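Next come two complexes built around chain A: one with chain B, the other with chain C.
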Partner chain A sequence: MLKFKKLGLLILIASFVTVYSSEARKRPNTLTITGSTTVLPIAQRAAEEFMESRPKVNISVRGGGSGVGIAALIDGTCDISDASRPIKTKEITTCRSKGINPVGTVIAKDGIAIIVHPSNSVKELSLDQLKAIYAGEISKWSEVGGRTKPIVAISRDVASGTFEVFKKLVLKGDKTKADALMLASNKAVATAVVGAPDAIGYVGIGYLSSDVKSLVIEGVTPTNETVVSGEYKIARPLFMYTDGKPKGLAKEFIDFILSKEGQKIVENVGFVPIK
Partner chain B sequence: MKKNFIERLLPIFALLTWVFLFGIMLILFIEGTPIFKSVPLFRFIFGRHWYPVHEPPEFGILPLICGSLMVTAGALIIAIPFGLGCAIYLSEIANRAVREIIKPFIEMLAGVPSVVYGFFGMVLLAPFIQRIFHLSIGLTAFTASVILGVMALPTVASIAEDAISSVPKALREASFALGANQWETITRVVVPAAKSGIFASVILGIGRAIGETMTVLMVAGCCAVITPNFFKPVRPMTATIAAEMGEAPMGSMHYHALFAIGLVLFLITIGLSLIAEHFKER
Partner chain C sequence: MCYKMEKGGRMSKVFAGIVVNMLVVISAFGGQTQFYGENWFRYTQEMKEGETQESEFKVKRIYLRWKHIHTDKLESRISLEMFSSDKSKDKKGDPHGAGLKIKDGYVKFKGLIPEGDITVGLQKNYFGRVYDWEYWPIEKCIGEKYKVIPGSRDYGISVGGYIPQGYGTWRLEAVNGEGYKKVGDLINTELAYMADLRFIPIPGFTIGGSYVQENSGLEEYQKRQYYTGLTRFAKGPVDIWMQYLGGQKGDPDSPTSQMGYMIFPKFHLGTINLEILARYDYWDPDTDEKDDGKFLYLGGFNYYFSRREKGKPGVMLQTAFVREQPESSDSEPTDKIMLQLRWGWSTPKLGEI
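Then we have the complex of A and B:
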């Protein structure tokens, strides 16, 4: 008798587990988001606000990197994949072979401003000059029209998305000179530049303040408008990829990020709203 | 019966420290050594360039080792005289009332979170040092040394104080009876008698300084260069691990290299402890 009871209990548990797990896979009210750590704060904050107004919805947001996110989209383990770069051709091929059609939606832009101390007389630099400064070929402000002082180059640590953009769009594969300072946050870079008249640094556009001067690069001032229009060159789009055009809850969520409210979040976490 | 049970339990707790230590060592070895397949040990330790995400990457940690040793040495120059002075004053000179007031403050200094020290260093000390020494940037090895020195001070002071006050009273009385004054008693009798404890306090101070992470990440400036100049930014090993571990893809060369740095750091601290033990026995 006891044996039967145990067996019955086991079956009951087993059936619960099966129902629950099959439910979990396609529960209409859950959304799994994986990918770029750069996009993570946007997705995280947006998910919090989105869930607040829809108590039944459950969104789980994870980082891991753009590549991890796209791999998860291919494996079907996420609904939305965050990416701080466009999908690669190789990844598209893998997607196609698995019957997945990756569609990217640009949700924000990541623009990087070059900052100096307000007392610095240099107002403008070309991309080549900027590259030469960080690669160590130019080491005095006088070489770019400033006072005869050595340039203190401040960079972000190599783990940051900001460094990644800078490396790709400014250094174009060159090394940062060894005696550049590598600081751990946008805030740390800004603080260092505020205190050092001969320093140059770079921060996300959302971290600009009146305590520092942002340089005109290739004739363009970094503002939300010039980043969105594409005139300002040190910027990149941030994507959310879905399998096919976003639909259902994923569409609702992406629409929310593109809404006025969502774009406000984008701006609050230091990125450039696109609308 | 009850006492017996607890008594039996105690060796297990003691044994657990071994388990933890060996567990940590094992993980550091397993995760750290794969880097030596692609970068020979010699080039890893003595390489002068640290470009972990460049194509092709370079993993030379000599500038990081030098950075760690520099800030630690600088910290000791501050922590040893101040810490020992503090310890001698408290245990030999100060009266009971003064000691009761000052000792808790030293312990509170030890309890300040390192990020608070780092913030203090970044916002107040670095600009100050930059101004008085006419530097182009205040985030330097010197700045980090000053802060680390203050952080290691309570460790040195409280352990040295324990050592000095545990010197038997009879020794002091004998010294006074032979006609020595207080200063002679302190320098010739008490401090030599407490030598091993004082040495232990210094070694633990080194351990505190070399392992400190948050503070150096915030104030050392983090340039991976080898420089003898204390007024230049440097990049200690701990700051490198903390800054880069978050984004190093698991299982990549960069990831293994960071674990290998952890291993080097671990071996240095183990070495320090062994040296301390050796001197203690003499």
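Then we have the complex of A and C:
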């Protein structure tokens, strides 16, 4: 019995030594980033430029979704977790129970513009009208001051982060009407609206062009300035979460994204810079 | 609810068919459905006094789960449990070789209370570590192993949620008190009441406790009154749980007092996907009796061939050496070596981008 206890104690001590020596082997010049596919293009482009100026640094970036990123932060398999939504109480609880203190840094904002064909006479909608259009309660443009034509509602597919935001901020949890056209990308929505004079759609603010007309919502035009100031309501912050305040290479990388150069990348990939 | 094969293989097939069809129909009516599966393939060798007591491969468990998110505030879940068993027999007395149970089946109403839910149906037993035990050391947790709680699931209603800012969890529960496997002849007319609280004052440090009480006219369930206190320390690769369990059961006029404790450290070597585990238990089934206790020593490791993430499969090899040593010096220990290949998969949750 005594022998067994000694053996057990020896295994425990050996385990501690092995664990800590293995942890010490973690390379200081590597960074693993996992999470939101919405934030993915920002992280990818920023990583490319960051590594160009620091040849010894290796950054691995992958998507999977905000939930997957936060799960990776909890498991210790990533250094930065990208998220297109604030962390949930359930996730904070799991983090804290496992010794992780999740701290989020806002690196950009994502504004969603409501677009129609340039020939459409409607210039402005309220959030209630917009919700009624997508819920199927308003079906003709004449009900919101336009021509007597049926409204063709175009939405993003349910797997997209843009749809999640639209559902939360506009539909308030309600479902999109059954005959709404669900498309797989911002570009596809914009293209569909260009080709359909009676269509309405929504895209990330970076996808606005002269081919479509963006509507004023609740009296506010969607611009980078109104999104950052919070006046424009259909917008969300994009986060990078770390265990505690960012430090080391993670801090350098996040500081780079928040720099003038990094915020230019944010704008170039279709999001709203916060600085 | 428990339909074993002895109640008729046909019955089980019909029942499984109904469940599958029902879920397919539910999936077609909107919302989001997530499917999940897990399989435990185990080899056990048990030795006592130099004699082999058991040496066998078996499919210990297969779980199939359907989770359906109807709206942001309403979700439901059904899990089927399948297992190898030669205990159930057909009319000729031949073993069927398998069993089928409903592991859980409930509806969760969210948003009725802040950061919480009301759950109705066959659900987890929120006592000690019973509800969040993930079988990393293969063996059951102390509360379930020593039958303080009759099973990991039970029929009832619970209300609970999260303490704001991630400071912990709480739950109150009323259940039948007989566990999910019990649907037989003895119907307990008294409910069991449970309360559970976990508090996380600082990241990595958890303290908590649970309480369960039940009174019943049935001999089998006359009285149960148990409490447990637990502490967890987790930081980086280290995760250590400690749990104390005590209480009484039996005749209310002369109940049997019981106590026990468990220490369960786990070390994770993230760089090579390996976990090293150890566990030490003591359980005294009657504190008035001398030398009737039992020690459990466990050592082992888990190796992840691949980790399971949302929408991706995971495969893990678990190993454990277990010694159960009776407190009495007259009794010989029982040694067990267990090897388990455990694999699981799930479909992605839509909208989780």
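As a working rule, the second predicted complex is superposed on the first by the 250 of 275 C-alpha atoms of A that agree within 3 Å, B and C clash if a C-alpha of one lies under 4 Å from a C-alpha of the other, contacts with A are read in each partner's own complex, and residues count from 1 in each chain.
Here is the rule we use: a residue touches a chain if its C-beta (ideal position, glycine included) is under 8 Å from a C-beta of that chain, and two chains touch if they have at least 3 such contacts.
Remember, predicted model here, so these are calculated numbers, not experimental data.
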| item | value |
| --- | --- |
| Which of chain B and chain C A:G69 touches, first, second, both or neither | neither |
| First, second, both or neither for A:R96, with chain B first and chain C second | second |
| Which of chain B and chain C A:P150 touches, first, second, both or neither | first |
| Which superposed partner A:S84 touches (first chain B, second chain C, both, neither) | second |
| First, second, both or neither for A:T38, with chain B first and chain C second | second |
| First, second, both or neither for A:T191, with chain B first and chain C second | first |
| Chain A residues touched by each partner, larger count belonging to chain B or chain C | C |
| Which superposed partner A:P237 touches (first chain B, second chain C, both, neither) | neither |
| On chain A, the residue positions that both chain B and chain C contact, one per complex | 37, 65, 158-160, 173, 175 |
| Interface residues, chain C side, partner chain A - complex | 30, 32, 71-73, 115, 162-169, 198, 200, 202-204, 206, 232, 234-239, 265, 267-272, 276, 278, 280, 297, 299, 307, 309-310, 323, 325, 348-353 |
| Parts of chain A lying in touch with chain B, wherever the complex brings them together | 37, 65, 149-150, 152, 154, 157-160, 167, 173, 175, 178-184, 188, 191-192, 195-199 |
| Touching residues on chain A, where the partner in the complex is chain C | 1, 4, 8, 11-12, 15-16, 18-20, 22-23, 25-26, 36-38, 64-68, 71-72, 75-77, 84, 89-90, 92-93, 95-101, 158-161, 163-164, 173, 175 |
| Residues of chain B defined as touching chain A within the complex | 49, 51-55, 63, 122-123, 126-127, 130, 136-139, 217-218, 221-225, 232-233, 235, 242-249 |
